[in-house]
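Just below is one structure, and these are the notes that go with it.
For clarity, chains are labelled A, B and C in written order, and residue numbers in each chain start from 1.
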Amino acid sequence: MSLLNVKDLQVHFPIRGGFFRRVVDQVRAVDGVNFELEPGETYGLVGESGCGKTTTGRAIIGLNKATGGEVLFNGENLATMNGHDRKKHIRDIQMIFQDPYSSLNGRKNVLNIIAEPLRNFERLSPKEELTRVQNMIERVGLSPESIYKYPHQFSGGQRQRIGIARALMLNPKLIIADEPVSALDVSVQAQVLNFMREIQKDFGLTYLFISHDLGVIKHICDRIGIMYKGRFVEEGTAEDVYTNPQHLYTKRLIAAIPEMDPVKRFEKMELREQINVAYRTEYDSYFDKDGRMFDLKPLTPTHSVAVHQGGM
Amino acid sequence: MVKFIFRRLLVMIPQLFLLSLIIFVLAKQMPGDAVTGAFMGNPNVTPEQVEKIREQYGLNDPWYVQYGAWVGKAVKGDLGQSYTHKQPVTSLLAGRVANTITLSLFVLIVSYAVAIPLGILAGRWSDTWVDKLIVTYNYFSFATPLFVFALLMLFVFGFILGWFPTGGSVDIRIESGTFAQFMSKLHHLVLPGLSGALLATFGTIQYLRNDIIDTKLKDFVKTARSKGVPEGKVYTRHILRNSLLPIAAFLGYEITGLIGGSIFLEVIFSYPGLGQLFIQSITGRDFTVVTAIVMISGAAVIVGTMLSDVILSAIDPRIRIE
Amino acid sequence: MVTVNQKELIAKEKANNPSLLKTIWREIRHDKLALVSLVLLLGIIITAYSSPLFIDQEQLQRVNFLETWEKPSETHLLGTDDGGRDVFGQLLLGTRNSFTIGLSVTLIAGLFGLTIGLIAGYFGGFVDNIIMRIIDFLMVLPSLMFIIVFIVIVPDYSVFTFVLMMSAFAWFGKARLIRSKGLAERELDYINASKTLGTPSWKIMVFEMFPNLSSLVIVNMTLTLAVNIGLETSLTFLGFGLPASTPSLGTLIAFATNPDIVQNKWWVWLPASLLILVMMLCINYIGQAVKRASDARQRLA
C-alpha cells in the first residue's frame, strides 16, 4: 500500500464581489490532482509560481482546507477529518518551510523551538527532553552548546537545519519540503540537499519535495509531477521527464534550463523555436476549449501525460 | 465608487438602529419617566391618577411598541418634554446645538490653523531645533488632560490677566443683532476655543510630520530633486499635495473628540451648549433631555465617520477594497 | 543534567540577548529627559503610596469648621478646603487612588483588548469580520457620555463598577491595534510551523504570537496609562467618578467649578492640576523611550 494517496484533490478559494459580497467565482488553486507516494521515495512537485504546488502541500498537511477529493494517509482520509482525529495522524507528517527566517519564532531559543513538537505529543522530564534535543541538534550538524541561542544568531543554512531538526523530532514518516533551499545561497543549497538525503536513509523518510528549480528537483527526486494552473500535466520518473518530456508545457520548462556548454546553446535556441511553433499549431491537443488541461493518461507504466483522448 | 458609497450608507442603517435601541434600553433603566417627572412633588395627584396618565402615555405597553413610538416621534422631531425646563426638548436643544457647533467649528479651524503649519515645519526641517520644539509641544498636547489645561487657561487669562470673560457665550447687556454683539460672542469664544484647539492639534501634527518625513525619502521626490526642481516647489508640488489631502477627510473622525471635549469646555467656561446641558440634565435627573443629547451626539458621530470614510475613499482608492 | 556548565551557557546567551526590560532600561538611561521623568514619577508614586504611614486617613476626612479655606501655612502645607481638611494630605491620597485606578483600567482593558485582538488576528476571516463589525460600532459611540450615563443608572455604584465602566470603553482601540499586527504575524511561517507541529490554537496565540507583539503591547499600555489616569480624574472632576469619601486628584480639581475658588482659593485646585500635568508628562516621556527601545532602528542607546 502506498504511504500517501492523493485522489482528485481540489482547493478552491472563493472570490467575493458584488453588492452583498456574495461568492461570484472560485480561484481553482488546486483543481483535481492525483498522485501516490511509496514509502522511502522522494517525489518532486514542480511548476511555475502560482501553479498550486505549495497549496497542494499545505492541503495535505492541513494548513489549507481541501474543498474536494481525498488525502489518504496510510489508508485514512485526512481531508474530511476534524481537528481532533487529525492530530493523531499529523505527527507522522511534518513540514519544512521555505523561509528559514520567518519559520522560526525569533522570541524563542533553539531548545524551545525544537522541543515544541515533543511537548505537544510526549510527556518528558526536562532532563530527557534536553538529551533528545541535544542529540538531534548534533545530528543536524550544530553544536549542542547552541541550544540556548536565538534564531538570529544563526546563518540561513543553519536555521534551515534547525527547522529540519524540529520536523524530525517526532520521527515522522512523511516530510513535505516546501522549497526548502530556494531562500539559501547556492553554495549552501547543495549542503542542505545532501544532508536531507542523508537523513532520509537514516530516518526512513518519504519526501514530498516542492520546488520551482528543475536542477534541484533532478538532483534529489525519484519521481516528478509537473503542475500547471492547478493540474498535473505530466508525471514520471526523473529519467522519463528529463529525457523524454511529452507535454508541451514540460518541453518548454526543460528547454528553459540554462545551458552551460556554449556549443549546445544554439541547439537549445532552435529547440525553443520549435516548441514555440508547436505551441501555436498543436495547442488543441494539450488544452481543451476552456484552456484547462486534460486528465493524465498512462504512456508507460511509470510515465503519464495530460493529452487529449485518442493521442497526440 | 458609487458602489462603495452605497455600501457605506447601508452600514450606517444598522448602526443607527443599534444606537437608538441601546439608548432606548438605557432610558428605560433610568429612574423615573416622563410622568413621574412631571408630577413629582405634586401632592394633589394620587398614585391612581398617575397610573391612569401612564396608561394614556403608553408607558405600560410592551417595550417594542414603546420603542416604535419613541423612534417615530423622534424622526418627526418630537423628543419629549423636559420637566425641569417645562418645555419641549427640541426647542430647548435648538439654541444649545447652535452654540456647541459654533464652539466646535472654532476649535476645528484654530486647531488646523495651528497644526498644519507646525506639522509642515516639523516635517520639512526634521531633527532641527524647530522640529524638537514642535515635537515637545506635541508631547505636551497629547499628555495634558483637557480639563486641567482649560482650567489653567481660565485661571491665567480669565482671572489673573483678565483678558477674556470667564463664562457665558455673550454679554447679555449688548443689543442683539449688532456688530458689538458679534464681537462679544467672539470674545467669549476665544478662551474655550483656544483651550480646545491647542490640545486638538496632536493627531494632525503627528500625521503630517511623519508623512512628510516618509515622503521626502521616496523615489519620486528624489527624481524631482535630481531634475532640478527648486526645494520649495518640491514641497508644494510633490510632497504636500500627497500629505495634505487626507487631512480634509479626517474631519469627520474628529467629531467624537469634539463632543467629548465640548463637555469639559462648556462646564469649565459656563458656555451654554449641549455638553453643559448634558451634565446639568443628568445631575438634575432630567432624563428625557439626556436621552435626546446622547442620541443626537451618537448620530452625529456615525454620520461624521461615514462622511470621512467616503471622502477618504475618494482620495485613496486602496481603501475602497474592503 | 542542568549542570554548572549548562547554567553558564544559559547565562552567556542571556547576556547576548537582553530582555525587553533591559533594553528599555538602557534606553531610558541614555535619554536624560526620560531618566528625570522616571525618577520624578517614582518619587511621586512612592510618596503617595507610603502616605498612609504618616497620614491618618480618618483624621484627614474629618470636617473642621474652624479651619475652612485656610491659606497654605506651616500646619497645612497647602492650606485647607471647604471642610477644613488638609489639602496636602488629600493630594497624596488622591494621587494614590488616581494612579491605582488608572493602572487597573489599563490592565483590565489591556488584557481584554489583547485577548479579543489576538483571537481576531489569529483566526482572521469570519471570526475577524464579526469582531471588527462590533468594534467599528463601539468606536462610533460617544464614549464619555455613555460612561456617564452608565455610572448614573448602575445600581450599587462603587469604585469597582467605576473601574469596570471605564475599562468597558477603553479596550477596543487596543483590540484593533493588536488585531492588525496579529493578522500580519499569522501569515508568517512560524505560526504555520506550530500548527503543523500539533500545537493547539490557544497555545499558539499565547506562546508564539503574543511574544512577538509584546513590545507593541507594552508601548501602548504605557501611553494609555496616562490617558486612563486623565479619564478617571476628568470623570471625578465632572462629578461622576469616585465618591467624595475617596479623594482623587479630580475631587480637588472639582472645587474649581466655582469661579470664586478658581480665583481666590487657588491652593485647593492648582497643586492637583499641576501634579496631574507633571505625572502625565513623565509617563509620556517614559513611554516614548519605551517606544524607541522596542524598535531597534530608533534606539539612542
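Definition applied: contacts are C-beta pairs under 8 Å (C-beta built on N, C-alpha and C of every residue); 3 or more make two chains touch, one makes a residue touch a chain.
Note that the coordinates shown come from a computational prediction; the quantities given were computed from them, not determined experimentally.
Chemist: Taking each chain's centre as the mean of its C-alpha atoms, give the chain farthest from chain A.
Modeler: B
Chemist: Looking only at C-beta pairs that count as contacts, which pair of chains has more of them, A-C or B-C?
Modeler: B-C
Chemist: If you average the CA atoms of chain A and of chain B, how far apart do the two points sit, in angstrom?
Modeler: 57
Chemist: Roughly how far is chain A from chain C, going centre to centre by Cα mean, in whole Å?
Modeler: Roughly 49 Å, centre to centre.
Chemist: So, what's the distance in Å between the C-alpha centres of chain C and chain B?
Modeler: Between these chains, centre-to-centre, one finds 25 Å.
Chemist: Got the chain B residues that touch at least 2 other chains?
Modeler: Within chain B, no residue touches at least two other chains.
Chemist: Could you please specify the touching residues of chain A with respect to chain C in the complex?
Modeler: 58, 61-63, 87, 90-91, 93-95, 97-99, 102-109, 116-117, 120-121, 126-127, 130-131, 145, 148-150, 153, 163, 166, 170
Chemist: Can you name the residues of chain C that touch chain A in the complex?
Modeler: Going through chain C, the ones touching chain A are 1-2, 9-10, 12-13, 16-17, 188-190, 192-200, 208, 211-212, 214.
Chemist: Can you name the residues of chain B that touch chain C in the complex?
Modeler: So the residues of chain B touching chain C come out as 15, 18-19, 26, 29-31, 139-140, 142-148, 151-152, 154-155, 159, 166-167, 256, 259-260, 263-264, 267-268, 278-279, 282-283, 290, 293-294, 297-298, 301-302, 305.
Chemist: Which residues of chain C touch chain B in their complex?
Modeler: Residues in contact with chain B: 137, 139-146, 148-150, 152-153, 226, 230, 233-234, 237-240, 253, 256-257, 259, 262-263, 266, 269-270, 273, 276-277, 280-281, 283-285, 288.
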